[in-house]
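Only one structure is covered here, and it is reproduced in the block below.
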Amino acid sequence: MSAIIQHLIDAVSLGGIYALAALGIGLIFGIMGLINFAHGNFFMIGAYVIFLMSGRPVLIVAATTLVVVILLALSSDRFVFRPLRGAGGPTLLIASFGLAYLLENIILMIFGGRPKAVDFGHGLVESVTIGSVRISQLDIFTIATTAVLLTGLTLFLRKTRYGTEMRAAASDFRMARLLGIRANRVVATAFAVSGVLAAAVSFLLVAQTGAVIPGMGLIPVLFAFVATIMGGLGSLPGAALAGFILGFGSVGLQIVLPHDLVPYRDAFLFTLVVIIYALFPGGLMSGLRRQGGERV
Amino acid sequence: MTYASNIENPRTSIQYLAGQVSPAVSLILILLIISLVSSLFGTDLIQLAVIEMLVMVVVVVGLYMFIGNSGIVSFGHPVFMLLGAYCTAWLTLPVPFKQMNLPGLPLFLAGHQYNVFLAAIISGGFASVFAGVTGIVLMRLSGLAASMAMFCVLVVVHMVYANWDAVTLGLSSIVGLTTYVNVWVAFGWAAVAITVAYIYQSSRLGLALRATREDEVAAEASGIHIMRQRMVAFVLSAFFVGVGGALYGHYLGAISVSTFYITITFITLAMLVIGGMRSLCGAVMGTIVVSVFVELLRELENGINLGGIALTIPTYSQELGLALLMILILVFRPKGMMGDKELQWPLGIGMKRRLRIRERVEE
Amino acid sequence: MLDVRDLSVDYGPLHAVREVSIHVSASEVVCLVGPNGAGKSTTTLALSGVLPLVSGSVELEGTRLTGLSPEEIVRRGLSLVPEGRHIFSDLTVRENLSLAAGVRGDSKAFGRDLEHVSKVFPFLEERRNQRGGTLSGGEQQQLAIARALLTSPRLLVMDEPALGLAPVIVQQLYEVLLDLRREGVTMLIVEQSMERAMQVADRLYVMVSGRVVLSGRSEEIAASDLKKAYFGVKSERGDVQ
């Protein structure tokens, strides 16, 4: 029984990370039709900032990471994606891939390709015992962070002016402009918010793995892409839900697979998801609510 | 879209024939000249660079066969290189090596050593079969979903190969592949790839697929079976990318799973994008230009001597330079160097009225 | 108020609008009529900054609008209600309306206008927390118009407000437009139906194949002139002002 609860907690924890990653992707996609490959490198750069600040007080590290990643996201918009405003989906996708490659090689140039250990979250290895269940502080931290960010994002989108403008722009960009909503500002805001989400994910990734390596963002961001598409393109709740489902799927496979197949866990998951999506291309939310159709 | 005939009023059958094959011929001629000059006058370094470039032509032309005709940007085609390279390794490495290091291989692979040319074709075929099987799922998807799914395939196969030590040595390199790929082998395959690509794009099948690129609904209404046409392109392109992977393995002499992952995905895509995704000429010229560019940067990274002054740039400048170049092209000249145009005979850039209209409609 | 001179707009390779000149005076209602494909919608999109002009100029009360972005043009007083309603379906009625406030600096003035608009369109207050996508076609159209009015435009441009609506609803809608006209709102309306156009317009411009072929006060334009214009034959009297 307690084992099941433990697994559930692992699943929610991992699902939370994937959900946050998916939201970062989905936010930009909803407004611009862009799936940002470079988002995974935002995770990576956030992580390397944490690495550089190893040993310093957590709050300072968090603040610095946040600022750096937000600036990075805004610069990506300003220098790569704004010049490409109005370009087609394939062009944007390739450009984001180019940006991702650029960022990864910058890190390679500066830090080299070997993984580096990070002194971060060492206090979180301890566990807390509730009843018969031992929960690691790391899991609590992850789940709490996820909950805070999800709530914050929802409040931002529903209650603030910027959030409403973003939702309008995601729904019908041209009409939003016809009402005076400034295109550049809305897009920049979206990038800034996605930067916040990316910084959080980089935090959690470093806390969970204790190390940084240039390619670390690839698998998480691929899960994010898959979750965004699974959730129904343009649907933020769908993306988050899909992120959680992937987290559950991953932990589930970890338990179910025979020992020597465990390294292939993610491979199985991706394969399953692609097949399911090909059979049901509407995404998760299309069954629950009428969407505007697949925005591919 | 390019049409088979580029001469408006052919007066003789020779002119007509020249019009039919001319872009392919021009490209093959260019490559032939490069091959000749490098093998006669080039330094060892230059010759190696040219071989690598020709192998890349095979790969990028294969990539173009799918992307250029279907309009779907595949981020996963290097998976066929991966499959092809390991396939040829399994086929052509000496038996003792295989029996000692790759215990997971079935007997027909581990117990025999096959001819390298045969192995190249089988490797291409293996990639094609894989494409056929995965295509059943992948070709149902469009646009973004398809691009992501293909990338997933690359990641999945990479993960499997990286862990399946008994068959692939996992993350370690497999060394000892016969380096039979000289400039003429590479040129030969490049010429074949270009010819097949051209015949395909001019054929009824190729045109049918290009129709789906422009307007899926209209194409289907005209009786074009989208999935089937995409599948044809996918399997065909997989063959050549697979062969390209095999050739690359035998050019390097050693392979590992990391050779065929993100870096090569980016480089091949950059070659296609910079040259122009929509034309065969774009694919080939892009490969040539990027190869030269990267080679130059590579030399600068190693350090060159300019009249007594030593010039070095930091490592990874190749990658950064290429990434910047590609982004700049996307911003300032998104159709790539060649745009939609193919090379015409006599050697010059021809422009057709229909192409012009197509460009304006697309803008 | 609105001065359009020799406007030309391309739609890809097509010359959709060719040398169109339109003039709208303050508190006037002008209709742009013509058959499908005449270039009427393209004209409105160019006026509002969505489509680029090939040549020509657009001025609103002396302010040059040519070449500005849609966001800038709204801020200078030209508001477009495009064809097809374009309600943000996931946002509530109140949220839809509130977006217009971004253009206004003065939230008190916005509040007053919101009250006023709620009187013109009473259902807005009842349904203020309903999602836009759940409204009927007629209600959505009225919401779109209300929303545009809240940007406090000097000129309201509407593209086929009656499109896709049942005749009864259209009639109600046109009652509202007549109300707005009585209040002195300056409007440029694209209309397919000559009848409706003549109901509400002070003046008409008839567009065929991208050009203005006939213009004049609605009561002066005889039915026969309009028919001829529609079928491509210029009237003997030519342009009448």
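Lettered A, B and C in written order, each chain numbered from 1.
Quick note on the criterion: a residue touches a chain if its C-beta (ideal position, glycine included) is under 8 Å from a C-beta of that chain, and two chains touch if they have at least 3 such contacts.
Please read all numbers here as calculations on a predicted model, not as lab measurements.
Asker: A-B or A-C: which has the larger count of contacting C-beta pairs?
Answerer: A-B
Asker: Using mean Cα positions as chain centres, tell me which chain lies farthest from chain C.
Answerer: Result for the farthest chain: B.
Asker: Based on Cα centres, what is the most central chain?
Answerer: A
Asker: Just how far, in Å, is the C-alpha centre of chain C from the one of chain B?
Answerer: 52
Asker: Distance between chain A and chain B based on Cα centroids, please, to the nearest Å.
Answerer: Distance between chain centres, rounded to whole Å: 32 Å.
Asker: In angstrom, rounded to a whole number, how far apart do the mean CA points of chain A and chain C lie?
Answerer: 43
Asker: Counting only residues that touch at least 2 other chains, which ones in chain C make the list?
Answerer: In chain C, no residue touches two or more other chains.
Asker: Touching residues of chain C toward chain A in the complex: what are they?
Answerer: Residue list for chain C touching chain A: 48, 50, 69-71, 74-75, 79-80, 82, 86, 88-91, 95, 98-100, 102-103, 147-148, 151.
Asker: State the interface residues of chain B toward chain A in the complex, per the touch definition above.
Answerer: 71, 73, 75, 137-138, 140-145, 147-149, 151-153, 155-156, 159-160, 163, 262, 266, 269-270, 273, 277, 314-317, 319-320, 322-324, 326-327, 330-331, 334
Asker: Taking the complex as given, what residues does chain A use to touch chain B?
Answerer: Counting only chain A, the residues touching chain B are 35, 80, 83-84, 87, 89-91, 93-95, 97-99, 101-102, 104-106, 108-109, 215, 218-219, 222, 225-226, 229, 233, 263-264, 266-267, 270-271, 273-275, 277-278, 281, 294, 296.
Asker: Would you mind writing out the residues of chain A in touch with chain C in their complex?
Answerer: 161, 164-165, 167-168, 171-172, 174-183, 292
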